[in-house]
Structure formats: C-alpha cells, structure tokens
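Once you scroll down, you'll see the structures, which are given as structure tokens.
You will see chain A twice below: alongside chain B first, and alongside chain C after that.
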Partner chain A sequence: MSTTSLAQPVKKAKKPKELNAVSPAANVIMHAVFILLCLTVLIPLWVIIVASLTPEMELIEDGYKLYAKSLTPEAYGFLFREGSIIFTAYKNTIIATLVGMALSVVSISLYAYPLSRKEFRFRRFFTFVSFFTMLFNAGVVPFYFVSRQILKIDNSIFALFLPLSFSAYWVIVMRTFYTSNVPDGVIESARIDGASEWRTFIQIVLPLAKPGLATVALFSAISIWNNFFNCMLLVDTAEHYNLQYMIYSTLSNARFLSEMATQVSSLGETIARLPTNAFRMAMAGVTMGPIILAYPFFQKYFVKGITLGAIKG
Partner chain B sequence: MKKRIIAALLASALVMALAACGGSAATTAAPTTTKAAEKTEAPADDDGKETDAKETDAKETDAPATEAPDASDLPEYTLKYVEIGNQDCSRREAVEAVISEYIKPLINASIEFQIVAWGDWSEKAITALQSGQEMDIVFTADWQHYLRSVQSGSFNALNDPEGPYGDLLAKYGQDILSSLNPAFITGTQINGINYAVPTNKELAVPNGWLYNIDKAEEYGFVPLKESEGLMKVQDFEPYLEKMKEAEPSSYPYLFSGGNGDEPWVPGFTNFGVITMVQDPDENGNFDETIVNMWESDYAMQLCQTMFDWAQKGYIHPDAALTTFNDSDIFKTGDFLIYQQPLKGNNIKAQERVNASGNKNLNIGEIYGQKKVVTTTHTGGSMLAIPVTSADPERAMMYINMMHRDTDLLNMMLYGVPGEDWEIDEGDEYKRVNIINAEWSGAHGGAWTFGNTALQTPTTMEDPEKNRLLQEYALDAVPHPSLGFRFDQTPVEALVAALNNVRDAYERSLYAGAIDPVENIPKFNDEMRAAGLDEIMAEVQKQYDEWKANLAG
Partner chain C sequence: MAKQKALNIRQRGSLRTDLAYLSMLLPGLAFMFCFNYLPMPAIIMAFKRYGLAPVPKDFPIQNRFIYSLFVENPWVGLQNFQFLIRTPSMGDYVRNTVGYNLIFMVVGTVVAVAIAIGVNELRNRLAAKFYHTVIFLPYFLSWIIASYVVYAFLSTNGIMNNLLVNFGGATIDWYRTPRYWPFILIFANVWKHSGYSSILYLSTLTGFDQEVYESAAIDGATKWQQIRYITIPLLLPMIVLLQILAVGRIFGSEFDMFYSLPNGSGPLAKVTTTIDVFVYNALRTGAQLGLPSAASFFQALVGFILVLTTNFIVRRFDADMALF
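For the complex of A and B:
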C-alpha cells in the first residue's frame, strides 16, 4: 500500500495523503528500530560463523571478532571427520523432527477438535485432564522410570520425539483456534449436506485450520530439534544421540570440569583435552542448519491465518 | 448432582496436586523405605550366599595356586560398566568386542560400556543408581557422590566379612591389595569398610605452580627446586613486575581459581571454608584444630597480595569470572606463573603441555607444599559395585584384572589394538602410538582405569611417568584426617546458604578483584549469618566421633 506510493515519489507529492500512511519520520524511526533488532540477532550468528573459521590460536589471543585475519576450515574438518558421530546425530535429529512433528500435528489436532465443539459432553473434563499436566508433573525420576521400564523407549529414536509429540499448551491454543476460526455455521452446513464427523473434520475443519496446524507443526518441530534433555536422560549410546545433546554435553562438560578443576587434581589434564573454541562454534553453526529454513516455509501460513477468514463479508 | 461431580473432581485434583508437589520428597524417601525392605529380606538371602562363599573359600584352600576360580566353572555373564567421560563414540562396540573376546577365557564374561558425560553424571548416573538400573561396575569419587551413594545403600560393601558377598577384596582382589599403597584403602573407607576400589594413581598432590621456563630465563627468575625447598606466592613479585614492565599487554600471574602454597587440607569439607592446617611442623606434629580459613592471617595476606597484583595488572581483569578460561592462555605461553596442583617429577607440566597441543611450551614446576596424603586424593577416582549387580564377584574379578593386566588396560584406554593404536616398535620404550583417538578421547582418561602404573604410556609421554607417579608418594606422610568424610546431610540447608555466600565472595577475593581489608570481615559476617558456627560445630562433632571410632 504505502510501498507503491514510496516507489513513485513524483505522484506522491500530488496525491492527498493516504488515510493509513505512516509519516516519513515515523517510517525512518521504525525502520531503524527494526534494523537494530535484526542486527542483534544477526551479529551473534555472524560471530559464531567467523569464530568457527578462525584458527584457534588467533581466537585465544584476540578473542571473538567480527572479522578474522586468517580463515581455516580446520574445525569443520574435525567435526566431519571419518567416524564422527555428527552424521548419525544429524540423521537422528532430522528423522525425529519430521516424525515427531507429524505425530504432534495429528495428535494435537485430533485432541483439540472435540474440545472446541460445544455439543461434546466431556469437553470440560478432557480440557482439564490436559490442562492439569501443564501445571503439575511428577518430576524426573518417575519420568525416567516410565520411559525406560514401562514404555521402553530408552536407547531408541523414540526417546527423541515421543515424549514431545503431545503438548497440552498447543491443545489449548488449537482448541481456541478451532472455536474462533471454524464457525459453527460451517460445521452445521456440512452436516446438513450429509457429511460424517470424520469427513467434516478432514475436509472442512482441517483446511480452515491450516494456519493453526502450521503453527503447531513449526513449534513442535523446533521443540524437538532443540531438545537435549530427553536424549541426555534416556539415551546411552552414540548411535541415538541427537545434535543438541552433542552440543549441550560439550558445553556442560567444559563448565563442570572447570568448576571441579581446583578440587580434583587429575581433571586439569582432562580439561585441556576438551574441544577447541572453534570446534564448539562450528558445532553451533552446523546445528542451526535446516531448522532455519523451516521459518520462511511456515511464514506464508501465518500471514494467511491473519488475512483469511471462513465467512466473508 | 452436577455440583457434586465437580466437587469430587476438584477433590481428586487436589489430591493429585499434593502428590505431585510431594514428588521430590517422595523420591528421596523411597530409597530408604526400599532399603529397609531389602534389609529385612536380606538375612534369608545372606545365608545362601554365605554358604556359597564358604564353598569357594574351601576350594581356594584346596588349590592355593589359582586364586580365582576356573573360568569354565563360571556361568556366562555380561558386565555392565558405567564410566565417566566426554561422550559415547562410534568405536565403543568394536572396543567392547575386542575386550570381551580377551576376557572370555579368563572370567567367562563379556563387557558393555556406558559412558556418561561429566556434566550429566549427577542427573543420569545417579538417577540410574536410584532407580535400580542394573549395572556391575560404576565410576565413583568423593567429588561425585561417593559418600551419598554409600549412605543411600547403592553400593556393595567390598571388604565386609558380614556382608552378603563377604570380603570380596580378599577373595578376588588380591592384585588390588598387593599393588595399592595402603593409604588408598584406608583413605577410602567409610566406618572401616570399603565401598569402592580406588584407582592406583597419584596420591600425594602438593599445591604449587607451573612456570614458563623461557620467560623465567628472560627475566632472571630461578625458582627453588622441590628438593631445595618450598616457595611462597609472594616470592614471585619482583619477576612478575619485570615481565609486566617488558610486556605491558601480558598478565604474568595466570589465575586458575586458587593459590599455590595454601596451608589447608584440601576437601576436608566439601565447601572448603572449614578446614585444618595440612603440613606438619618441624617436629612432624600435625595441628588438628578445625578452623575457618577466612579468619586466618594467611587468607588476609594472600588476598591483599592478589588485590595489589590485580591493581598492578599482574592478574587478568577477567580472572574473577567463572567463565575465565585459563587453559586457553596457558596454551599461548603468555604467562610466567600458573597455579596448579602437582604430582612430582615435572609430570604435571608435561601433561599440561601435551594436552595443550602447543609443543613449543617449556614448562617447569615450583612446589608450595609438603607431600601429605589426604582423603580427597585417595578418593579422587574409584570403582564401585552397585547393589543392582547380579554378580558382584565377577565384577570384582574384572576390577582385579584392571590392577594386574597391562593388555586389558591398554585396550580399555586406547581401543582396538592394530586399529586404534599400536606399540611403536621404533621407540626404545615400546610406547603406544595412537592411530584413532576416537575411543581414547571419549572415556574419562587413564586416571579412571585400575592401576595407572601398568598402563603403557603414549609416545607423547615420559616412559617412566607412571612409575615415577607412584614412587613419588612413597615417602608422603598421611594426614591424621585421612579417611574422614564430612556428612553434610544434618546441616544441608545451612551448607546451601553458606555456598551462596561463598559464590558471592570467594573467587573475587582470590583473584584480587575486591579489597580484602573491607570484604573479608563482611564475608565472615555473612557466613556467620548463614549458619557457619552451627556447621563448624557439626564438623567438630563428626570429626571427634570419627576419631573416637578410629581409636576404638
């Protein structure tokens, strides 16, 4: 709207000011603020990438910088060396994210839909059941017990996504989304046309709920991609590690060891064997990988979700 | 009707909520109750095991030449070995296979390793112990919940003749007993009983400093050798000044979180503040008064020196931050003095140079303390047999082999012979040449495995290193508190409060970031407010009890 008027400055002078137009001063200020915000996100990323390519000695002597005097791919070479578990971890993370995302979209959309229908008798009860888990949980030891000894998902790829593939929070969000974006009138008309409950859900409700589903998909994908805790607790073998756990354990080892070093004499040498700074940065960079691409892909649904509605006029 | 249902729902929700809130309390309570149950069940079980034990004893007396029973008599068994380290790696299965093949004819067992990361240990390994997961050999140490695991009944007693498995150490651990310095055994006992086998490693760990020999020569610094006497941190001042003058951008005193001529018994309590003097006087007498180290003149003088040095720029301005990375600066060699606990014979210096990857470093050692054996260094690395082990005897046989068998130790350390490492034939000492460091970088390191003197060093190490390490401790004096472990459970909350106060002051004082004249009295006041006196009384009480127990 206002961009077209900016592109043609000559016409702009003649045209009376548009009703919703932003004054040039405000425009400049807003752009400046958003550019600054973008920079606060981009600069750390840039520093990570530069640091991962800087020779270790230079990094120690000069610290982290925006540019490096010399570049070396050494850290990446070490990261992707033969036999490195990073390949397995990458594969595990991607599979877990895709499967977990699909599973959570299915389970959340199915659970939330009946809760949004006023004629469902037990909706309060089932809302409460899922809401309750948001407020209270039993803690780590029971979780450990149940996952390992009852569900037996330890040391398998299931440990990486199964505990995360249902979320009470997103059930509540989806329920609200259904109630506000899928009007009763639409469902009623489907029923009058003779559609069964499943048909109504799949062909009428789900397409209308696409933006909501996209949100659930994106956030569950991110939470699975970023989760290291389940891997830490439930996975003992390298073949089922995920990327975030590898990063997390490298950093937590470094922190733990340097805290203990003054107490335990033998640890000094162990600390000095820890991965280099450049290596840690390379790992951080690699971990961001494909998940960044998820954002632009889902973005179009977010925009649609704002601009589209079911009943026009 | 509807209202009643809602009321019932609410009531049940409340009960569930309470149960959930009580979750953490329940988990701590659970082990004790199950323990009690076990105890009542135990006697019946005991008898059976006792007779078993007697039978094997009888066998042994029949054939004294073979100390362990013949492998073919034993049923097949898989040992689960939980080791501390960096991360699991892709070579693990190959290493397990080669070790299993090796130990099969000896003890008819195969082995499975699980490497738990340093930082995850408290959460993962301890949770596994508490939840009763089956394992046979598990790493433990005083700095990794040894006392607590013993108290919660997670570990088998190893030399308790009354215990369910009898004196395992005497029956299957003869090589352990014959090769370990006796101070290791007494130092790791709790009420006279060992719950873990200590690793045979450095025993005397005097504090001191590493110094950069090249820089020392440049600035005319000639430190005393260990045989010539001990040094004090203040002795370095003139040379630090010279280096700072010549190289204004450097920080000649590299700080690693402590000091070097510290007179206190390290790890006397796990929060440092309450301790006693370590070194004996000229007549060899020890002072066993329990003190608050922050009220001593020593602490005041040291912190004044550090404050002065920080002002003059001898110490890095970031040194007070916990994120300060001293090993990185060590790597560059841009320092004169670097505080470190030492192990004698320049071994620490070598290890640090090797680990740094900068072979051009020329590092020497300066000693600040006498050789005294304290609890914390005997229990720095141990192997325990959890009560969940189905065959503790086999586990003990395996641990015993780690104190006897060089081939086994080398495989555990470096991986598959021929693939991960080989003996360097060109080397006159036949040291190990590492081909693939995947496995050797994954586990906790040489000092977590059995007898370090039997391990073959790598081509990067001094061939005499392991022998020297153990010889160094031969003339070390045991401290009277050797074997004392403070149990902080009775004053848990106070200790937590004390540690919060310590976090606010200690590192800043050591690194000279704040003025000690003003801050040490404030620090002491705050610690007293947090309950220092009560904790001190508890330490004194436990020490007296322990002492009386020892005498009686």
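For the complex of A and C:
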C-alpha cells in the first residue's frame, strides 16, 4: 500500500491492484518460492529427456544426471526401429483415446442436456441416476468380474476406453455449462419455430456449447491416455497393452535387473549390451510428449473445466 | 395460436418432448448400466464362497458368472470379513490408507491455498500465470511417468545418489529403505495435485470484491492480516467442500501412485501398501477371492456412509457449504 497512489484516483481506477499490492520484499520472496516450485516440475521432465538422449554407456557409468557429456537420439531410433511392441501400444493408445473421446463427448453432452431442461418431467430422477454413481461405487472386484465375465471386454481394445467413456462428474459440469451459457430464450424461440428437441439440440445448443464440449473432450482424452489400471486389470495379451501399462512393466523389469546387476557383477555386462536405460526413458518421453506439447494450447480449457466443476448445480 | 401451443409444451412437457429427451439419455444410461449399476449386485460376492460352475441347459441366463454367483455359490455369512480382519498386516494397510489420506488432506490444502494466494498477490500477472501453468502440469502426467521420474532420482545410480557422492556422502539404497517413503509419497502427491486444487481456490479468490481489501488496507490492516481475516474465511466454503469429498474417499487411495511409485519393491510394502493395492494383489493372485471382495465391499459401503454423514454434518452448520 502506498499513499501516493491513494491520491491518484485515475490510476486507482485503472489498476486497483496496485493500491494494495504486496511489499517489494514479499514480492521477491514469492517469486523465489514460485521459481523453486516450478523447478520441481521442470527438472524431473528435463531429467527424463536428458537420460533418453544420453548414450547408454554413459548412463551406466555415470548414472542419471542433469546434463549429458554427449547426446544421441539412438534410443529413439531403437524405439521406432525394433520396438514393434511399442508401436502396437502406441497405436492402441491413440485409437482408444480418439474413440473414447468421441464416445464421451456424445454420451455426456446428450445426457446432460435433458437434465438442464426444466420441462423434462423425469429430470430429477435421471439426475439422481447419474449422481448416485458418484456416491456409491461397487468397487474393483465386481467391476473386474462384470467386465470379464459378463461384458467380456477383457483382452481387447474396448477395455482401454469403454469403462472410462462416461462420467457423471462431467455430466454435472456440462449441465451447468448449458444452463449458464445457452440462453433459455434461444431454445424457446427455436421450439416456437417448430424445431424438434433433437434439432434444437444439434443446431442451436451444440454450437453454443463448444467450449464445454472441448473441455469434456480434453479431460476424457487425458484420462484414457493416462489410464493404467484398467489395462493392468483387464488385459493380459501384449498386443492389446496401452502405453502406460507397457512402460510400467518395462520399468519394473529395469529396476529388478539393475538391482541384480549391482549384486551379481557378471550380469552387468549382459545389461550393458541392451540400451535398456536410455531406451526406457525414451519410452517415457514419447508417452508424456504429446501431453506436454498439447498442454500450453489447451490449458485454458482445463482451467475452465475445473472451475465449472466447482459450481454447484 | 402457434405461439400459445409452444408455450404450453414448454410449461407442461408433452409426451413427445419427454420421449425425445429420454432418447438423448440412452447412450449415457447404457454406459452407467454396464459399468456402474451392473457391478452393484455383484457386491454380494463378499458374503459368498465364490467359484465358477457350469450353467445348466435350462437356466435362462447362459452366463457362468451370473449363474454361479446368484444360484450355485453358498452364502458364508461374515466369514470373508473374519478372514479379512485376521489377514496379517491388515492393520498396516488400513493405517497407510487412512493415514496418508489425512496427511494429503492437510498438507495438500495448505500448499494449494498458499499457491492460490501467492498467484493472486504477485504483482507481475504474466509471471503469475506462467508459474501457475507450470505447477498445474503434473496433474496431466500419469503416475507411471511420475514413477519414472522417481526412478531416475532414486535408483542406485540415480540423481540423488550421485549428488550424495559428490558431496562426500554415502549412497542410499532408496528402494529398500522404507523410512524415506512416507515423505516421498507425500511429496509426490502434493507435487501432482496442488496445481489442480489451487485452481479451485484461485477461481474463488478472483471472484472476491477487491474493495473489501482496499478498505481493510485503508484501516491499516497489513497484508498478512488481510489474508488471515478476509481471504481464509472467504475460502473456507471451498476448503470444506473439498474436505467432504476427501473424507468420503478416505478408505480409498490413488491406486496408480501407491502401486507404481514403489515399483513392486518388497521391503517397501509395509509403508506403501494401501487397501486398494491389497485388493488388487489378492484379486490377481486369485487364491482367496473372498478377501478382496470383502475388502472391496467394506470400502464401497464405508465410503458411501462417510459421504452422506459428512455432508449431513456440514449441512447442519451451513447449508451453502454442503455438497447436496
């Protein structure tokens, strides 16, 4: 707070923050803390990328470091040349993400719309039907048996996206989005003009709800891309693995092997011949790569989705 | 005339309107039926001795699982739960689940609120936005990626050990030393989630009336006093709401994190195994399905009761803070 800006009402109107801003010293301390926090995010990602570009022998001799003496894209080349299993996992993940994203946008936007319409007679009942799934969850064991024994989606690509396609949470967010962003008057005038409910929804409501749809699409894509549990639970066949499970299983082997190597020195030689460490870090790199590259462009939708979810409907 | 008719439709809802709306619900209903409601009857597994039996030809539903569970398998009362309680280390699993959740609630809330206030107070808006964008990023990375990061730092020739050697210390075998892991797990959890929850707090903060702060400043309130007596009380409804949600999940855990970060290392099991991890391991070894089904049933029921109870209590205090 400074008395000079108090005397200047014009400035105050322009930048109300300045009147009551934090002291310069506190400001510097806050910057320092935030830079430290940002480093806890950026350094780990940096480490993975550096390790994936470090020659295998250097990784084995010097271990993981923040910098490499020399860089080589060898691990990435190896990944795309011989790693047919990586290719399959990548393909599965991309297909599952795209199909699952489409399914969730369609099912969620359709389910949420009638719940936002006051004239729908069963609005309360169907709101409860979806809300109840957030309150009560049967648990992993029933889900496991129903998926495998009744729905029979195990050992197929369906296991990677079908259980994740619909979410009551996003139904509530979309419903809030419709009620706050699609004016009642617009829908009413469409109906007065004789448009059916489906036509009103597709031609009038959906175009107005695009930012909401984008948010649902992005969050569902991320949840399918990052999902590891359903693959581990329902998929036993390597040709249907997704990326996350694929890289999880190789990391567990890596740790096991390197611990063995420190105990039995002769094993060290065997491991040295495989570009295991850099190769695995390259796998992590290509798994998180698309998300990190897309993140800056879509960040505002993510923020929007989270803040919308916080509004009680 | 036409307008009058349309208004009537809007007010009362005609059969045609309702049918159109019902047809829109169908895809969502199909998903919820398959993955939410269909598994619900199967929770009776917790009270049965499960085993797959062949279906007789005259049984109407030709599905081995449905026939076995609802017809063939004998009821065993609470036997599965008795076995569950007698499972060695069950106390550890419950302690880990509830204990970590409580710590995450406290530490996570403090860090997220601090980040939100900091981002809100920084003079340089561009820098504030940049910081927040970066801090939010881990939320979108999987726990598997996080476990790679942990591995790069803590493996025998990882970054931490290299640093220790550089500073003249001895290396630590992190994956075999349980005492560090509570801290590693807490750090990892806060690292991944504080960006997300701080967005919720920040969106509440930016909605506040700035004049309140200005008049407080004119009255001589320091920044610290403003935070203590204005910001925190204003954030309280959001803090309470998030705690209700967290209490409802207190017997659950983020499976991916507890399963992937320790990387299956045996010596760490005592401090990293939660009920969810136990359920998964018991389910996949498949020897005694009664145990995971009983544990799973317990989690589902207690979670349900906890959400309803905390919401009820909160509503008694302040209806606006309650979830429903």
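Methods note: the second predicted complex is superposed on the first by the 195 of 313 C-alpha atoms of A that agree within 3 Å, B and C clash if a C-alpha of one lies under 4 Å from a C-alpha of the other, contacts with A are read in each partner's own complex, and residues count from 1 in each chain.
To be clear about the criterion, contacts are C-beta pairs under 8 Å (C-beta built on N, C-alpha and C of every residue); 3 or more make two chains touch, one makes a residue touch a chain.
On a predicted model such as this, the values are computed, not experimentally measured, just so you know.
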Message: For A:Gly100 in the superposed arrangement: first (chain B), second (chain C), both or neither?
response: neither
Query: Of the partners chain B and chain C, which touch A:Val141 in the superposed model: first, second, both, neither?
result: both
- request: Classify the contacts of A:Ser252 with the two partner chains as first (chain B alone), second (chain C alone), both, or neither.
  value: both
Query: After superposition on the shared chain, which partner residues are touched by A:Gly212: those of chain B (first), chain C (second), both, or neither?
result: neither
Residues of chain A touched, compared between chain B and chain C (which is higher): C
Task: Based on the superposed arrangement, let me know which partner A:Tyr241 touches: chain B (first), chain C (second), both, or neither?
output: first
Task: With the two complexes superposed on chain A, say which partner A:Met57 touches: chain B (first), chain C (second), both, or neither.
output: first
Query: Hey, what residues of chain A end up touching chain B and chain C alike?
result: 60, 135-142, 144-145, 149, 233, 251-252, 255, 258-259, 262
Residues on chain A engaged by chain B in the complex (per definition of touch): 57, 60-61, 83-85, 88, 125, 128, 132, 135-142, 144-145, 148-149, 232-233, 236-239, 241, 246, 249-253, 255-266, 268-274, 277
Interfacial residue positions of chain C with respect to chain A in the complex: 2-3, 6-7, 9-13, 17-18, 20-32, 34-40, 42-43, 45, 63-66, 69, 115, 118-119, 121-124, 127-128, 130-131, 133-138, 140-145, 147-149, 151-153, 155-159, 161-162, 175, 191, 196, 199-200, 203-204, 210, 213-214, 217-218, 223, 226, 238, 241, 255-256, 260, 263-265, 276, 279-280, 283, 289, 292-293, 296-297, 299-300, 303-304, 307-308, 323-324
- prompt: Where on chain A is chain C touching in the complex?
  reply: 1, 6, 16-17, 19-23, 26-27, 30-31, 33-35, 37-38, 40-42, 44-45, 47-48, 51, 60, 62-66, 103, 106-108, 110-111, 113-114, 117, 119-122, 126, 129-131, 133, 135-147, 149-151, 162-163, 165-166, 168, 171, 188, 191-192, 194, 196-198, 201, 222, 225-229, 233, 244, 247-248, 251-252, 254-255, 258-259, 262, 280-281, 284, 287-288, 291-292, 295-296, 299, 302-303, 306-307, 310, 312
Task: Using the touch definition up top, name the residues of chain B that touch chain A in the complex.
output: 9, 13, 16-17, 20-21, 23-24, 27, 86-92, 114, 116-120, 123-124, 127-128, 130-131, 133, 141, 143, 201-202, 205, 256-258, 266-267, 322, 325, 327-332, 334, 340-341, 343, 348, 351-352, 354-356, 376-377, 380-381, 436, 438, 441, 444-445, 447
